[in-house]
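Naming follows writing order (A, B, C, D and E), and every chain is counted from residue 1.
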């Protein structure tokens, strides 16, 4: 087992474990924290796959900005383990079973996928660097890049409409 | 003069015009004008009929085409009239007797309100029109038109006094029973079309004669003749469809005379006589016809023994006499049957009109138990009625004797049992007729309290003159058919009708069919003697018994069964009317409502029920929505990946 | 590493996200679980991107880069979505003082 | 491209219009101008005049099909604005923002009608969805509106997640996002493609509210302010369908026999659930929500059949359906009481409203002589000519018969029942517009050639 | 030219009628329009009876292969004449009835006339389907707005019933259309469609159910008595006099010649259904106390006979259907007029509550008796010609092995129809007056006029049916030449 495999397993276990903790934790704040841990693990994967830029952005945008926003909202609402609504046991069971089944089915469906044996060589190549990404983004992908600005505009207007007081 | 035949269309047209005038202007015309128009048109028809008869007698017959009625593909049905021996005899009887009855009616119905009086004459004219169509038609469809037309007029006239529910019931019954027969007739027509591709007599009969060998006894010919006979049983009141005729007495008495004695009810005989060649080739049908006729004759006679309504007795007598005619047809005595139709028309019309005169004189009393001794008050009526009774009883040389004898002789030739029953029936006929006569005219007058002091009176001349004319005809009418044994070559009717039945006879010889053996002279004398003897004994017994001690009480025992007509009406009610009603109710209340409608509405209810259930899926909970979505995805994956296609 | 490990890992994360959506009632947590799902997808995309890069690098040095770009756009959209989503949740909370989705059942049937 | 750019720009214009004018009429006028402009530039592009020379690098692909659809969508929006624009002001005070959002949505609509890459599909759908989450929640004090908004948002994001997973799997299998890349050489349903296709199918079904992924629809349509429901149920739904069709035709068309059955099952389920559930509704608004599901079932026929007739039919259907639905909603907005009883006796009080509503409902029910019939006729023809799904055709017509029940309930209430229907004041212009729309519905029903000629002209 | 006028005149005048708010005015307007239609129809039969005038063709939906093709053949002439005659008669007969919002009523009446005309004139399947539904919608509104107490559910049932049927037919039409050689909806193209026997088999049922519901044939009939009962009588006349003919017409024009093999194969099944329905309906008619229901069931029985004659076919039978379609319309309208007159005066249709009308209204009674006799197919009335040909046709058919039995069983209804019709006459017109009928007035001039016209038509056709039979001869030949008359060997 090479170092990269060890790292892979470590990060995978970390991601899965913390993801599970996100949904298990009673306290919303803990959930947020566990989710941040998950994001770190995922960022680790990104970096292992030479997607350095994405790894960093993931940390900054997700783990940083977005999750802080979540945390902020939760704090604002003063949510904690006591106020956390509990679901009917059966429904919860049903949810878990359904999720598990879906996992089984998906894995079973994809277990003999056509790309199964394709290797993903770790720590090699440079497409994940900001330079490459940037040049492609501003040439081939300039249209979606511009269009996403519309998305942001609409999100902004939306947030304003929703947040505006007094009507 | 040959062209007279071409004028045959006038015969039915005149009554039709009378009908239209009387019908449309019924409120404007005065009563006398109405009766003049009503009777006059019939008289006109009679005159034309007479002229035509004379032509026919010289051998001029023919078919008069008026217009093309229905023509579809190969089937062509012309509206055309057939003038030949058979139809001309019937024309004479219908228009002649019809005219007398019209004249009679003018007096009999005089109490009716003007509008209804005109209505009556309109119906009567329409009837004559239909009857003439029936006998004149040169094909089965025209005959059918007349056939149903007379049924309609019979319906209208029986229900003439429409305020009375019983009368309208009787009218309805008559129509429906006739319709049952009509269905048989119709099916027969269809079958004829199927077999021969035509309904025109000449065409059909020619084909039959040409293919006599193959057709003889075939299913088609037996089916057709049986179905035609079903039609005849309806119209001519034979078992099992006879019950309407006695009820039909609800109509005015002249109607009973015209329709239910002299003309319409003999349509069945006319039809079978017309189709004689078909029947000749269907021996099994002939047996059926003979047996049904004989049974009806005997059966109706037994019922007539115990009836107390003057018209009912005559009605059953009519049924019985019609049975005789069918017996004649069944044993192949076509001429005899037609002969009997003719004589019967005379004496039965006479008897009915006489009865009408009695009723008129008795101020609408019909129960013979309240009569008696009318001889004194109504001499003309009495005399003519007596002559009629003798004629029907079959006493020589009155007309009934000759025609009845001819049928009985033929019956003897076919089957001796037929003859025995026939003679017994003839005895019963004589008995109940003279029972009627004696109870009504002899003895003491018993109806004082019913007349509130009034005396019965003789009817006016308009009524008595037809009686006299008919009485004369009843007496001498039989002389056109004096049997061979009494006077050779005197049976002018047989010679006259020969062309009609000739082909039948030829076919019979060709196929070696012997419908009946003609009895030898000695036997024939003996037969005549026996039947006359039976009749005479019955007459004397009846007169002796009923002139002094008429039956006034309610009958008991077997008499009650007879008085109640063997409970046949009740039987029909129980086995046909009630089950049919019940079936109708069952279908209406159960099948229609609880099965079909329920199913239809059930589909709607099911949809709204499932709507109520399905919408519960829409629980409002995001969790359950997502869960259902995930389950859906799961299902898709399972189907796509793990279900083997 | 073979790609299938990444596939399994991503799917596992994805399904954990789904299970979270199914089992929790707190709207914010549900939203977080959805974010988790998105991240699982991102991971998968990056892995595939790498795989395609390795396959096609000989012909095209930028092979597989669109996968990473896609991830970039997902992040962009997710950020926008979060802003709107949290605004809605806050609005909801302002009106009902709850973030319990089961509380949302005025609309049904 | 014209439409995308102009709609985005006009969205910004609308954002700022609120600053320059407080007069709602001016704002509305601006919006109407924008919409008219959109139609014009779109038609220009149909004619081959592109105002913006942008190299889209194969990410977008404009054909007459997509452009024609854009015209229909913009036209519907224009009708919607003219009829119900005023009623937006009653929802809240941010009218300019609402219009801005609507223009952004139209931008998303144009993108999703002409995407040629899954990336653009994703972006287009998101640009449509995110403003809608907001519009659903604009009636901020109304808990129903809040609830609808949150439900829509949560489930919409969830389905986005599913879609992305699908895209990822497809990418893994094919190494690209372009529809042509995906289509190229894809003749077998390998597990990855199969799984990706299913997930895309699920998420697109969600967008067009096909069963069993329709659950959000009734609640959201019911909870959203009625003005926006009208918009959502027509333009957005139609855009979803166009995207759906484009995706499955261009990317997975060769695999059609492999997924036809499953789409047919979805279609049948949608028809049955939509129609049956609608039967029991007491509120006309909610009934219309279910009816939109039912109508979606019919539009799915185009996907099931996936032939030329189906594609043209889908365009025709969207037009017919949108006009009728916008009309019905416009009247509904004016009603004080949204229940069926609320319509009792409308024919006497407002004969014009009642008559036009009747025409719209007849069209929705698919009665000949209205556009709805020709639309359904096309769908049935498409399915029958495909030949494999006759059972679905039978299900479809039985469901169409059920649909008569709930559409005619409204007609019965308006015409045959006595009552005092409470209606907000309506202007003459409003009535006039309704009559014009009813006329469009009838004319499209009798002379569908109008639109069909265009279809043929541009498609062949 | 003529066909276009026949559609356009009622259509436009109907639309215009919506705006004539004055009751008297709209009545006159409607009458005028229907009379013009009648004149046009008569002109088409006589003066302008040239092929060029009787057909019209225009571009409609070229892309779909559908054209606006309308034409008058013999059958079309008969049915258009029926439609054209029926409406003025109905309007005159109900002249004294008042309706709330009369302008809408008459507008819908005229529109339904336009729809009916279209159905009988269309030579293009899509056009046919269009009019098929368009005739239904006005009827739906007419019954639902001006009908009786239970009008809304009953009419809705009627609507949904027919709607399901017509949708099934639509699927059939589309299927055939896709199998025509040149992808066209034209009737000629439909004749040329290549369909296997199996395909014919199931398309047959799609079509047949639609037509069976319309006729209606047992067991698809339950909408009918209710609908007749609840509709205002003027509408009932349209429904039963003209609209039910659409079903027969459909079978003759669009089903039997287009799917001859399936028609031949299923002939016995349909005939059996028809016969059951005839007897069934007759038995139920005997139990009815409501005049309208009685006539409704009687109509089911009569329609069953015509349906049977089409499927167990022969030349006589087909001719019988042609003439009987017209006759049945005339006769049943006559019956409804009488019912309407009785109901308007006494306020009831219950047979048990009536009686003695013959004393009070001899004029009405005579008319009714003649019409009723036509209803029971008495000779020298029009229905006799029809029923005689129908039964002859069925009995002598070579298509079915059981045709004799069908004719015989169907013949039972001849008896049963006499039973219920005479019962009705007896209970309503004979006997003594009841409290409701004591002050009954005889018919007025306009009523006498229309009934008189009907009676004249009844008798004239009954005595001299030749022109009618000649009119439809060619159509019958054409249709029969497309059908399998003899068993294919």
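A few comments on the model shown:
Quick note on the criterion: a contact is a pair of C-beta atoms (placed from the backbone, for glycine too) under 8 Å apart; a residue touches a chain by one contact, two chains touch by 3 or more.
Remember, it's a predicted structure, so these values are computed and weren't measured experimentally.
Among the remaining chains, those touching subunit C and also subunit D are A, B.
The minimum number of touch steps separating subunit B from subunit C is 1. Touching subunit A and subunit C at once are the following chains: B, D.
Of all chains, the one whose CA centroid is most distant from that of subunit B is A. Comparing the centres of all chains, each the average of its CA atoms, the largest separation from subunit E belongs to A.
By C-beta pair count, the most extensively touching chains are A-C. Put simply, the C-alpha centre of subunit B and that of subunit D have 78 angstrom between them. Rounded to whole angstrom, the centroid-to-centroid distance between subunit D and subunit E, based on C-alpha atoms, equals 43 Å. For the pair subunit A and subunit B, the distance between mean C-alpha positions equals 103 Å. Annotation: 66 Å between the Cα-based centres of subunit C and subunit E.
Residues of subunit D in contact with at least two other chains: 119, 123, 126, 130, 133-134, 137, 140, 150-151, 154, 158, 169, 172, 191, 194-195, 218-219, 405. In subunit A, the residues touching two or more other chains are 87, 91, 94-95, 98-99, 102, 106, 109-111, 113, 115, 141, 144, 148, 151, 154-155, 158-159, 162. Among all residues of subunit B, those that touch two or more other chains are 615, 618, 620, 622-623, 626-627, 630-631, 633, 637, 641.
Pairs of chains in mutual contact: A-B, A-C, A-D, B-C, B-D, B-E, C-D, D-E. Note for the complex: subunit C touches subunit A at residues 1-9, 11-26, 28-29, 31-33, 35-36, 39, 42-43, 46-51, 53-55, 57, 61-66, 68-69, 71-73, 75-84, 86-91, 93, 98-100, 102-103. For subunit A in complex with subunit D, the touching residues are 106, 109-115, 139-144, 147-148, 150-151, 153-155, 157-162, 164, 166-167.
Within the complex formed with subunit C, the subunit D residues making contact are 119, 122-123, 126, 130, 133-134, 137, 140-141, 143-144, 146-151, 153-154, 157-158, 160-161, 164-165, 167-169, 171-172, 175-177, 218-219, 222-223.
Chain contact summary for the complex, subunit B toward subunit E: residues 67-73, 75, 115, 141, 144-145, 147-149, 152, 155, 159, 162-163, 165, 168-169, 171-172, 175-176, 179-180, 182-183, 186-187, 189-191, 193-194, 580-581, 583-585, 587-588, 591-592, 596-597, 600-601, 604. Residue ranges on subunit A touching subunit B, taken from their complex, read 87, 91, 94-95, 98-99, 101-102, 105-106, 108-109.
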